[in-house]
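Worksheet: one structure, shown below.
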Amino acid sequence: MAGSVFGTIFKISTWGESHGKGIGVVIDGCPAGIPLCEEDIQVYLDRRKPGQNKYTTARSESDAVEIMSGVFEGLTTGTPISLIVHNKDQRSKDYGPIAELYRPGHADFTYDHKYGFRDYRGGGRSSGRETLGRVAAGAVACKLLAELGIEVKAYVSSIGPVSIDRSRMDLDEAEKNALRMPDAVAAEEAQKYLDQCIKSLDSSGGTVECIATNLPAGLGEPVFEKLDANLAKAVMSIGAVKAVEIGDGTEVAKSLGSQNNDCYTTDAQGKPKKATNHSGGILGGISDGTTVFLRASFKPTPSIAQTQTMLGRDGACHESSIHGRHDPIIVSRAVVVVESMAALTIADHLLLSMASRMEHIKKIYGTDHLK
Amino acid sequence: MAGSVFGTIFKISTWGESHGKGIGVVIDGCPAGIPLCEEDIQVYLDRRKPGQNKYTTARSESDAVEIMSGVFEGLTTGTPISLIVHNKDQRSKDYGPIAELYRPGHADFTYDHKYGFRDYRGGGRSSGRETLGRVAAGAVACKLLAELGIEVKAYVSSIGPVSIDRSRMDLDEAEKNALRMPDAVAAEEAQKYLDQCIKSLDSSGGTVECIATNLPAGLGEPVFEKLDANLAKAVMSIGAVKAVEIGDGTEVAKSLGSQNNDCYTTDAQGKPKKATNHSGGILGGISDGTTVFLRASFKPTPSIAQTQTMLGRDGACHESSIHGRHDPIIVSRAVVVVESMAALTIADHLLLSMASRMEHIKKIYGTDHLK
Amino acid sequence: MAGSVFGTIFKISTWGESHGKGIGVVIDGCPAGIPLCEEDIQVYLDRRKPGQNKYTTARSESDAVEIMSGVFEGLTTGTPISLIVHNKDQRSKDYGPIAELYRPGHADFTYDHKYGFRDYRGGGRSSGRETLGRVAAGAVACKLLAELGIEVKAYVSSIGPVSIDRSRMDLDEAEKNALRMPDAVAAEEAQKYLDQCIKSLDSSGGTVECIATNLPAGLGEPVFEKLDANLAKAVMSIGAVKAVEIGDGTEVAKSLGSQNNDCYTTDAQGKPKKATNHSGGILGGISDGTTVFLRASFKPTPSIAQTQTMLGRDGACHESSIHGRHDPIIVSRAVVVVESMAALTIADHLLLSMASRMEHIKKIYGTDHLK
Amino acid sequence: MAGSVFGTIFKISTWGESHGKGIGVVIDGCPAGIPLCEEDIQVYLDRRKPGQNKYTTARSESDAVEIMSGVFEGLTTGTPISLIVHNKDQRSKDYGPIAELYRPGHADFTYDHKYGFRDYRGGGRSSGRETLGRVAAGAVACKLLAELGIEVKAYVSSIGPVSIDRSRMDLDEAEKNALRMPDAVAAEEAQKYLDQCIKSLDSSGGTVECIATNLPAGLGEPVFEKLDANLAKAVMSIGAVKAVEIGDGTEVAKSLGSQNNDCYTTDAQGKPKKATNHSGGILGGISDGTTVFLRASFKPTPSIAQTQTMLGRDGACHESSIHGRHDPIIVSRAVVVVESMAALTIADHLLLSMASRMEHIKKIYGTDHLK
């Protein structure tokens, strides 16, 4: 069924395979009147680009985005916004054993089983390149959110055994180092760890954290379309993510009610405010006006050069290894993908929540004629 | 917007508040021809019933379900199945300060902020009692899955600092002890820990794990409606859940590719099989035919009898405590809720996946006339 | 699949069979803060009640509605509103040949073919009694619309060969006569025609027209969720409707551009206004602020007492007749069903359209903090 | 909100404006394994191309479609199929008064009112050129249907006052004459009528009929997602359509039950069959296995060269005329658009109906392991 569509009002439809003609997305339901140009989107795409350093693949991808519709005289028109990134290199080449083998940790077996066959060129639709469509759409969602002062920002919080030290945390640092860690010391340590991984033909997992600030209270639709439920879906739908945590996440299971409850206190001006934010800015599935916080755990890149036992289409086991250059770590490139999925979710909820109170509706349509 | 509707083909619409006239659900899209009676559903509801032991509240809830439509001569007809549980006790009583105070860890503030006011009686729609609708529907989903031999089973894997020992794990034990832990030793230890919590007027978090066996390979719709993405949403939408993990979950972030990849091996008959299942039965968002595994982390019950600083509707801070008996732990009652949400998700994906291949379609409609 | 759910934001889920335990609807996504009581809904249900005169069936149906959830202290809370009408008479009786025969013009054959069997008691889910759920929900939609001064009003415009004379049209008259025609002369003539039908054991078709006034311009979402497209779907989904027309409807096919275009003119105050309204208040699928107009054509009640050739479940033809009292005409009872479907569609579009412009969004969430 | 998405499982998302960079569609949910190439789609697009004769505009549009994704080695892969038609001519030109005036019968006013401004170049998104996306997707739906032997075929049944004579009806003739009427005599008469229209700077309405043959019984999901309800929505969403009729359509309102009921009779082999098909192949919203029949009424092209009174953005009335060459009739080009919308609706229902019975589900997934 239609699994490449995301969102209810701010709805996106992504398409494209790794080695096909291109990757793209149609955004339907973006409100009219938002300033938008290709450069706004390109800066997001550039952040997921590989080849920026030795820890990401050396393939040269320029990935220039083109706005095909939905923008007129620099503003969104309210009609569908079609975005395309043409693939540069679609030369047919010998894909060799990949066509016949199911690589461990990849979706080769499941795609074949679901659809009867698969586009095996570079992973086809299950390639990480698919996220280009998410990021292009996410950039537009971020533009919408920025109109209301809402910001969504992600960073790498751990790589393998190396975690950031929260006392040293500096968000500006995150975009300065190649690994996108907001702690220069941890970043350096992580780089040493990755050098080790590369040497041993291995790859590493890691975590990405994401914060969203300045959200109005009231976003989220109980009981199934809760803000946290949809953030969990959005982020879990990114390839390689195996866990999503909101606020204190898995830590809450070991906590006590007296520790985990966010009580109130009074600020310098004597106004009440939450003393803590264990809940990650969401209560009962609805934003409470404080910072929304989530964490995603990414598995290690499954493409490693070591010899592994693979299953063949012939039903037999084969010893084989995967050639080509591969990222030993993907969290650094995934930072902008997590931001995008969070922004798309929040944007959709923002539009949905407008209809929650009769007061809001009267603000839009007016009732002067009723007097 | 419509947040109480879940699913695409097997679609449920839940309703009801804690102290209203009742709780219910309408299941639309359940296939015709499944044997169904009230007792099938009642056994599921009884598993979430409180008052079974001293660790859950002593309120007597009988919660008898009534099938109002959609079943004829013992079989589902394909039309909507309406299920109702009438609330026994709706006496108006003095809700006292709860109407005016926002309890820490509860959704009082966010509901008021979203909707302008709230039904404060017993938590209204944000009460745990809302899950009755989920479980009633989940029981029907389980009946559907059972027709194909698919089983969904959850249990408590930890309470506060006490975790089950996997070497002692015995799923039959889980339904024998009051805490629903598949390890009698851990259950005893956890009971001591909870006695401590009760004495100190506190509550504890915990984890629930869920396994689904006998799923066909091929369920899940990339790239947004992946099976794991929808399981994450389903489970995260349960009140108090703050983290969802699939397979190895958060552990993957510290893992290496060579450890985390599920390679193949040969079984006693020489047939290939997965040597490990770090992926939790899902690759690329699609079931691979092995056991699906997930874990949910629940926060401690926010209702504790200690005095806490609360925010008032008047905008000021108040010291107050929450009266009444409350569960010091909810994971044991939540086991069947997690099962239900997993079953609902899998049932919907089962129906959705039928349309993924032209071959399947020809199997249903036939093409004899084309020859 | 889930075919008993209607709407995107203002979403309803209906359930119930003719001779089951009851009929009901869950309304999810109704905004908070609308005054609502059972009497508001009952007046709508009473308008579709049979037994008011000799032209509708003599069965006594009291059909009292009960609000089960979603209303607190007289106001909608924003949570699901569950409405139930208990069926009075569910005595098991001998349904005789109906269980084994497919009645011409009824859905017996198609239900059996789709689902493998059917609840044949009184037509089951395909009975006209199903519309109770639509009308109960429609009454709530009308309350929402009334808050903005929007009114939806339907009436019978023809019965068999007898049409209203538009020069005599008086909307107040429509609710005064038993046939709900806004022209007392035509109503009298139609009654004579129906007396004839009854005598010859036959039934008659007819048309219902519906007008919606005071709609804001801007409702409708091109290119598929156009206001007229969704009105067409909503009204065509009513059993027995075989045609839906917007504005001039089928007449446009014979018209010229110079006749059909609604040009502008100047009113008494010199302000521009549409000189005509051939378009029925909708252009490009979006309301233009003038009166929305639609017409539905209903087929004659298929239940007639004449002997007809029916198909049996045994695959053979049978001569048989349908016993019991049946309406010789249904348009008069269907008036409130058409109103309800139109109101549900407009309410949903009203909520959807709020998100069409960034300006609207800023009105709700404010941007003071950005200055 | 997202109004450019259509369908539930076979879901399309169209984009593009008349004078933008191109027009396109993403088809998500198309089953894997259907042979598909660009030529399959091009033949459909060519049928809506103008410039084929003097009755359609002389603009040269080549409109070559490109498949961007979702097809591998000549077969659909089950992943999104992205189709693009690049616009040839996007030279910026002087749109003159059109930017400031609301043309009668066009969506200029309503788009401006809904979105705050509009892309006025050639009608922007409200241009008839938008239907290219529908037709490209419809061609793929037709390929899917053809795998099961289902055919969807439309033709022009009337132009202004000239209707086809059903005794002369010949479907093969429909694609031979420029007006696409299945009656050469009527086509000639209609051409004379149109010559008259052109001379008087006017335009004409008309009707398109569509038949779908070889549908299995059982398609359609009561009570809101009925097959006829969704056909009505699909066809009413085409610009200029003001009425949709199923089977006997508006005629049923004047009919008697004894005439309108489709009784059964016995064929030459003694097998039962429907004696008539007043219902248009649909009963209770579900296909009955006989031919599905619908009719759409199109209003006259609103673009006429006569001087008309238009409303200005300045709030005043203006006398103006619309320059450029315009079709005096659109039904002939719309034939393939009606076919496309019908095919998309039927394809989606075909996939949805697979899940209606437990028997079907067992056919796909098997239950051998349960024995």
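By letter and in written order, the chains are A, B, C and D; residue numbering begins at 1 in each of them.
As a convention for this text, a contact is a pair of C-beta atoms (placed from the backbone, for glycine too) under 8 Å apart; a residue touches a chain by one contact, two chains touch by 3 or more.
Computed from a prediction, not measured in an experiment: that's the story for all the values here.
The set of chains touching chain A and also touching chain B is given as C, D. Chain centres here are C-alpha means, and the one lying farthest from chain C is A.
Of the two chain pairs shown, A-D and B-D, the one joined by more C-beta contacts is A-D.
One inter-chain figure worth recording: chain B and chain D are separated by 44 Å, centre to centre, where each centre is the mean of the chain's CA atoms. Here the spacing of chain A and chain D, counted between their Cα centres, is 37 Å. The multi-chain contact residues of chain D, meaning those touching 2 or more other chains, are 1-5, 8-9, 14, 29, 32-33, 78-79, 114-116, 125, 222, 351-352, 355-357, 359. Across the complex, chain A is touched by residues 1-5, 7-11, 13-17, 20-24, 26, 28-29, 32-33, 66-70, 72, 75, 77-82, 84, 114-119, 121, 124-125, 351 of chain D.
Within the complex formed with chain A, the chain C residues making contact are 8-9, 29, 31-34, 78-79, 144, 147-149, 214, 216, 222, 350-352, 354-365, 367, 369-370.
Of all the residues in chain D, the ones that touch chain C in their complex are 1-6, 8, 14, 104-107, 109-111, 113-116, 125-126, 130, 158, 160-161, 197, 200, 202-207, 217-218, 220-226, 228-237, 239, 242-266, 271-272, 275, 278-280, 282-289, 297-304, 306, 308-311, 315-317, 352-353, 355-357, 359.
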